[in-house]
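These notes concern the structure reproduced below.
The chains carry the letters A, B, C and D, assigned in the order they are written, with residues numbered from 1 in each.
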Amino acid sequence: MKEHFKRNMHQYRLLALLGILLIVMGFLVPGKFLTVRNFRNMGFQMAEFGILAIGMSAVIMTGGINLSIVNSAMLASIISSFVMRAMYDGGNGMAELPCIAIGIVVTFAVALLCGLFNGFFVAYIGVIPILVTLGSQTVFDGVALNITRGSSVSGFPKLFQQIGMGTFLGIPYTMLVYLVVILVAYLLIERSYWGISIYMVGGNEKATRFSGINTRKTLMGVYVFSAMMAAVAGILMTSRYNSARADYGSSYTMQAIAATVLGGTSITGGSGHVLGTVIAVAIIQVVSSGFNILKINRNFTDIAIGLILIGMLAIKHFVDKEKMLARK
Amino acid sequence: MPGAESARLFIRLENVSKTFPGVNALTNINFDVRGGEIHGLIGENGAGKSTLIKVLAGVHKPDPGAVIEIDGERVDSLTPTESMRRGIMVIYQDFSLFPTLTVKENIAFSEQIERKRRLVNWKEVEEVSKRALSILGVDIDLNARLNTLSTARQQLVAIARALVYDSKLLVMDEPTSALSSGEVENLFRIMRDLRSRGMGIIFISHKLDELFSIVDRMTVLRDGMYIGTRNAGETDVNEIITMMVGREIKQEHMGGTNIGEIVLEVQDISKRGNFSNVTFNLRRGEILGITGLVGAGRTETVRALFGLNPPDSGTILLEGKPIAPKSPAEAQALGIAYVPESRQTEGLVMQQDAESNITLSILKTFQKNMLIQFPERSKRSVELMQQLNVKPAYPFMQAAKFSGGNQQKIVVAKWLATKPKVLIVDEPTNGVDVGAKTEIHQLLRQLADEGMAVIMVSSELPEILSISDRVLVMRRGRINGEFEAKGLTQERIMERAVLDTRRKEAGA
Amino acid sequence: DMTVVVMPKLVGIPYFNASEIGALAAGEELGINVIYTGPTTGDAALQVQMIEDLLIDGIDALAIAPNDPDSVSPALQKCIADGVLVMDWDTTANADDVTYSIQQIDNKVLGEMLVDLLVESMGADEGEYAIVTGYLTAANLNTWIDYSKAYAAEKYPGLTLVTDPVASDESAQEAYTQTMALIGAYPNLKGILGYSTPAPIGAAMAVQEKGLQDSIAVVGTSMPTDSAPYLKDGSLDYGVLWDPSQLGKLAVYVAYLNLTGAEIEGYEVPGVGPIHINEDGRTIIMADPSVWTAENVDNYKF
Amino acid sequence: MNGKLKRFVASKEASVFLILIVVAVAATLMNPTFLSFANLMDVLKSNSVLGICSMGMLVIILTGGIDASVCGQLALVTVLTGQLMLGTGFDNLVVLYILGILIGGCTGLGNGLMVSRLGLPPIIATLGTNSIVMGFIKYYTNGEWLNNLPARIGNFGLYKFFAYSDGSGSTIGVPVQLLLYAVMLVLTWFMLRRTMLGRSIMAMGGNPVSAQRIGLNTKNLTTFAYLFAGCMYGFAGITYTGIMKCVDPNAFLGFEMDVIGAVVLGGALMTGGSGSVLGTFLGVLLFAFISNALTLAHISTYWQKIIVGGIILLAVSFDMIKLHREERLQTKVDIEPKEVSGE
C-alpha cells in the first residue's frame, strides 16, 4: 500500500490539483461551473484531446514521440469523409448506418497505414522517432492538402453527428468512448505483455531485445496503437465538427505532449501511467473551460498551463527527491 | 626503493558511514593506505567497495561523523575536484569515460581540466594520450570514438587516463575485469613501477590469485562493515575467503555426472570478420567451456547461435534439426538462452525494478486472458532472487541500485527462468565475488546435471577448468584446440590461445 | 443586461485587433456588454470549444468569424437551441446556422477587383502571375482566390497563373522567402496577387529587395499602415481592404437592433452608414472595398 | 589525411552532404537558376536566422537537452527591441545587437536554471517558458506589427558586400546576414572544438555521471548551454528585424521545429554528446534548399509538402541503413588466414 502510494505520488498530487482547480473555479463562476451541464460540456470536449494524449503517451513511454498523430487523425478522417459522402450521396445513396460503418472502417484502415508507415521507419529502419514523425507529419499533411485543396469535407449522414453530439442517459457518447478507450489503454499498456514490453523498450531497447522480446513488434505496435487512437479521435472530431479538414486540431500535438509529461511520463521513456495522462488532460480541460467561461483572455490559458507544467514537475523533482536521470 | 618517506600514511579514513535510502552501504569503516603500497580491497558483491572509493573520490558524501585525512591534513568536504587536486585518481568500475569523445580526449581530458586550461591544446592532447598508451604498451587508434571500442579496449583507455596523472593515490575498481592475461601482466608491471616511485594504489578485484600476486596489504569488507586488514605475506586465500563470506569455500573440479546425447551440432560455420570454420558439438548434461584471448571471436561465435549474428555459411543442428535463428526471440523459442557479457547495456533495463528484469524473458508465461498476472510474477521473481541469493532480495528495487555482482545474478536469473535446452553464458562471473561465483558455478553444474546443455565463454581459466567437461580454445576467429577438461592445465590452454599450434599439428 | 459575443478567427493579429476596437466601441455607444474573444491560433476545434464554454455562462448573441463553416455548425446549432442570436461576420458560416451574415464586401466583387487592379498595375492584360496566400486551408481566402481565378480566366485569357497558390502561413517572412523563390523560378513573372494581410507585404519586400518594382506588380489584401512603406516605394501597387473596426462595430449594432426588436434595414450606424439587407434577408454587406495607394494611404490609421 | 577523409565518408555529415548534392543536381537540371549566385545568396539570406538559431539549439542538444522556446525567445527579443526603436527612434545597431543578446541571454538563463537547478526535463521547462512568454507577448502586443522602424535597421538588412547591379535593377552580392551567420558558425565551432568549455559540454552530453566524477560542474555547464542558445536567438532576432524591417510577434510560431529539425537532420543525437557545427550547417542548407529547389522546379504547392517530408525520411533512412551496413560488415575479429598446410 505504502509502496503503491510512493510509486504513484505524482498522480495523487495531480488529482489534488484537479480538485483544487475545480473548487476554485466553482467559487469564481458560482452556479455555473460545478453544474451537470458544464461537466457534460467538458465531457464532449475532453474526449478527442484525451484520446490523442493517450496515443501520444504510449509512444513517449518507449522513448519516442509522435509529431504526426493529429495529422494521421485528419488524413484518415478526410479520406473516410470522402468515402462516406460519396456513398451517402446526400441521401440518394446508401442507408445511413452501413455508410457510417464503412466510414469508420475506412478511418481505422487509413490510420493503420499511417501507423505502419511511422512504425516501419522507427522499428525496422531504426530512424529516431522525432525525425520520422516530423517527416511523416509533413507527408500526411501534404497528402491531405492534395486531396482537399485545403477545404473541408462534409456532407455525410446526419446520424454520424450523433457520435459527437448525442448523449446516453445524459452522458455524452464521446465521454463513453473516452472511458472505454481509457480502460482499454490501461489494460493494454499497464497490464498486457505488449504493454510491459513498452516500458522495457523505453528503458533499454537492446537488453529487452536480448531477452527474447521482439522489440520491433513492440515498437511497431506502439505506432499502430497511437494511430488507432488518432482514428478514434478523428472520428469524434469529424462528427463533432461535422466535417474534416487538414488543419483541424493542429494545436493538439503540443498539448498532447504537454499533457503526457504533466501526467508523469518521462520524456526519455520507460515510465509513466495512462491515468496520469488522463488526469493531466482533465486539468488542462478545467483550466481552459474555466478561463473561457470567465472570459479571460485566451493568452492567459497558455500562461496558466505553462506555469502548472513547470510547477508540478518542479514539485515532483523536489518532493520525490528521485533525481530524474536526464537520460538513460 | 620504498623508503621511510613512502611508507608514510597517505590517506586515513575513520568512522566512515554511508547510507542510501534503505541501504547501509558502509558502516563505520576504518581504512588507511600508505604511499608506495598496493592495497587490495576485497569483499563480496555489495560489500561496499565501490561506495568506499566513491567517498574517497568525493562523488558520495559520507554521513556526518566521518574523518578523512589526506597527507596528514583533515579534509572536511571532499568534492571530485578537491579529491583530484589532492592527488587521488580513480578508475571506476564502470570506467566513467565519455562515449562520444575520441580516445585521445578521453585520456587527456581530465588532465586538461586539472591544468585549468581554457583552450584545448590538441597537440598536447595527442602527445599526452600517446604517451599514456605507450606506457600501457597497447595500440589503440587515438582518433576512434570511444563507443566504437570493445569493452576491453575501453577498460585500457580508462587505465591510460589514470596513468596520465601524476597522482599520489591511484584507485582501481576492478581494472582487470575485461582484460586478457597478457594485458593484466602488463598492468601489474606498471603498478609495481608506480609503487616503486612511491605512489599508493588501491586495487579492487574479485580474482584472488591476481590479488595475492600483487598487493602488499589487503582489507576485507563485508556487508558494508570493516572486517580486517592483513599483510599479503601473512595470510592465505582461505583466511581471506573466510573473512569475506564468514565461511570457507573450496574450489574443485566439478565434472558432469549425467552427460547424454548430442543436443547441438555446429558444423563449419563462418562469418566474415567474425569467425571461421567453427565446428563443435554439445551434449546434454555437459558444460562446454570456450576460452581464448579477448578478441578471439568467442562472443561473436556464441551470438551466432542466439540469432544475433547469423553466420554466412555452415549449419547448426539442434536435436538433429537444422536451425537458423535470426533474432533472440527465435532463438529463445527454439530453447536457446544467452547471458550477454555486458550487463549494463545488454543485460538489464537499469531504470526498471529487479522483478521486471528477472521475468522479462518469461513474461509471456504470466499472461492469462491477455493480461499479465502480477502476483504470480512477483512470486516467481522472489523465488528466482532467492534461488540465486540476490541481495537485497527486493523485487521492487531498481536494477541500477544493486551492486555489480548482484546485477549479474539478476541477468543470470532471467535466463535460468526460461529453462532452456541450451544455455549460453558469456563471462558469467565477470565482476562477481567469490561467494556468488561459487554459487553460479554450482548452479550451472546443477542445471547441466538436470539435463541442460551449457556453453560457458570465459577468460578466467580457473573457472573454465573447474566446471567445464570439455574446453574449446579459440584464437583469431578459429577453434584452435579442443580438450577434455579433466586433467587439463592452464598452461596447455594458454599455449593454444597464444600460439599457432595448428601449424605444428598440420605439419606433423 | 445584454451580452453580445464577437468571436474572431483568432485573437492577436492586427486585422482582428482592429475589429475588436470597433466592436468594443459599439458596446460603449449602445451601453451593452460586448465580449470580444477567440482562440489564439486559427484552429476550428478551439473555436468550437470556446462557443460551448461561453454557452455555459449564458449569452444573448454570438457573432462569429468561423475558421471553418462546417466545423462550427453543430456548435452554432446548440446556440440556436439555447435561444442565442447567431450571426456571422468577416467569413460566412453555413446559411442555416445564422440569422444575419455581416460581410465586409461582396466576395465576388473583391476577387474580381484584385484581378482588375493587377492588370492595371501590370499595364498589360497578358503575362504570368502568381498567387501567394495565407493558409491553404483558409476558407475565405480560397473563396476569393476562386473568384479571382475564374474571372481572370474569363476576362483576361492572356493572363496565366504559373503555379498553384503558394502558402505563406500568415507570415510575412514566409511570403518573402516564397516570393524570392517564385521570382527565381519564373523569370517572366509580371504580377503577384497576395491574399491574407501579411502576404502582399512579404511579396512586396521581395520585389523591393530585388529592385523589380517596375517589372513586377504586387496587389493584395493588406492593412494600410503595414503597406505604407511599400506603396510609397512602388513595390506594392495597390492594397485592398476595408476598415475592420467598422465591421466589428456593424456586427454589434445588428445584434443589438435584432435583440431589441428594432428595424434594421436603413438604420444609420454612426461612422459606418446605413444598413442594407440583401434580398436573401440575411446578408448585410458593409461597403465596397477600399483601395489604398501611395497617395491616399496616410489617411488610414489602422 | 587519408584517415581523415575516410572518417568523413563514414560520418553522418557525409550522408547529409550527399543528399544535398543530389537535391542540388536535380534542382539545377530542372532549372539552372538554382545554381545562380543570386539565388544561392537569396536562400542563404532568408535562412540565416534559422542558421544562427540552429547554433544555439545544437549546443543545447549536445547537452542532451532540447529547446521548445525558440519562438518565445525570438518574439521577446524582436518585440522589446522593436518597441525601443519605435519609442525612442534609437538606431545604434551595435547597441541593439548587444541588447538583443542580453534579452535572449536572460530567457536562456531562465531556461538553463530551471533545467539544471530545478531539475526539470528540458522539454517541460522550455515548453513552459514558451507558453508563458508567448502568452504575455501576445497579450501585450495583441499581435500588432511594429512598423516604421528606423531606416537604419532596414538599410543594414539590405546591405550587401561586393555588390553589383545585374542590369535589370536588382543588386547582387553577398548579403550581410551571410557574414553574420558565418561569424556565429565560426564562434560556435571555436567554442565547441577549441575551448575546454565546449569540450566539457560534449563530454557531459555523452556521460553526465562521468563528467561529475572528473569534477565538471554539470549544472553550470547545462545553464551555460541554454544561456549560449539564448544569446544566439537574441543575435538572430535583431538580424531578423533587419531583414524584415518590421516586427511581427507571431512570426516565429512553429519555428522551433524547423530549428530542431535542421540540427537533427545534421546528424546531432538527441541523447547528447554527439553532433557538429558542420553537420548542423549542412542540415540548415538541406532544409533551405529543398523548399527553394521545389519552387524553382515548378512543383505544385500541394506536392511540395509530400516531397519535403519524403526527402527528410529518405535522408535519415539512408543514414541509418548506411550505419547498419557498416556495423554488419565491420571486422570484429582479425581472422587467422586459412590452413597453413605442411610444407
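Side notes on the structure shown:
Quick note on the criterion: a contact is a pair of C-beta atoms (placed from the backbone, for glycine too) under 8 Å apart; a residue touches a chain by one contact, two chains touch by 3 or more.
No experiment lies behind these values; they were computed from the predicted model shown.
Looking at A-B alongside C-D, one finds more C-beta pairs in contact between the chains of C-D.
Look at where the CA atoms of chain B average out and do the same for chain C: the two points lie 72 Å apart. Centre-to-centre, using mean CA coordinates, chain A is 45 Å away from chain B. Computed centre separation for the pair chain C/chain D is 35 angstrom, with centres defined by C-alpha atoms.
Computed from the mean C-alpha positions, the centre of chain A lies at a distance of 33 Å from the centre of chain C.
Shared interface positions of chain A, i.e. residues touching 2 or more other chains, are given as 145, 149, 297, 299, 302, 328. Touching of two or more other chains is recorded for residues 11-12, 40-41, 136 of chain C. Looking at chain D, one finds that residues 138, 272, 302 touch two or more other chains. Contacts between chains, counted with the stated touch criterion, involve the pairs A-B, A-C, A-D, B-D, C-D.
The touching residues of chain C, when paired with chain A in their complex, are 11-12, 35, 37-41, 43-46, 48-50, 52-58, 68-74, 135-139, 142. Of all residues in chain D, only 64-65, 68, 114, 118-121, 123-125, 127-132, 134-136, 138-139, 208, 257, 260-261, 264-265, 270-272, 302-310, 312-313, 316-317, 319-321, 323-324 touch chain A in the complex they form. By the touch criterion given at the top, residues 29, 32-33, 35, 37-38, 41, 44-45, 48, 145, 148-152, 154, 161, 164-165, 237, 240-243, 245-252, 288-289, 292-293, 295, 297-299, 302 of chain A touch chain C in their complex.
By the touch rule above, chain D contacts chain C in their complex via residues 31, 33-34, 36, 38-39, 42-43, 46, 138, 141-145, 147-148, 158, 165, 168-171, 240, 243-246, 248-251, 253-254, 291-292, 295-298, 300-302. Chain C makes touch with chain D in their complex at residues 11-14, 17, 40-41, 136, 162-167, 169-173, 176-178, 180-182, 184-187, 198, 205, 209-215, 225-226, 228-229.
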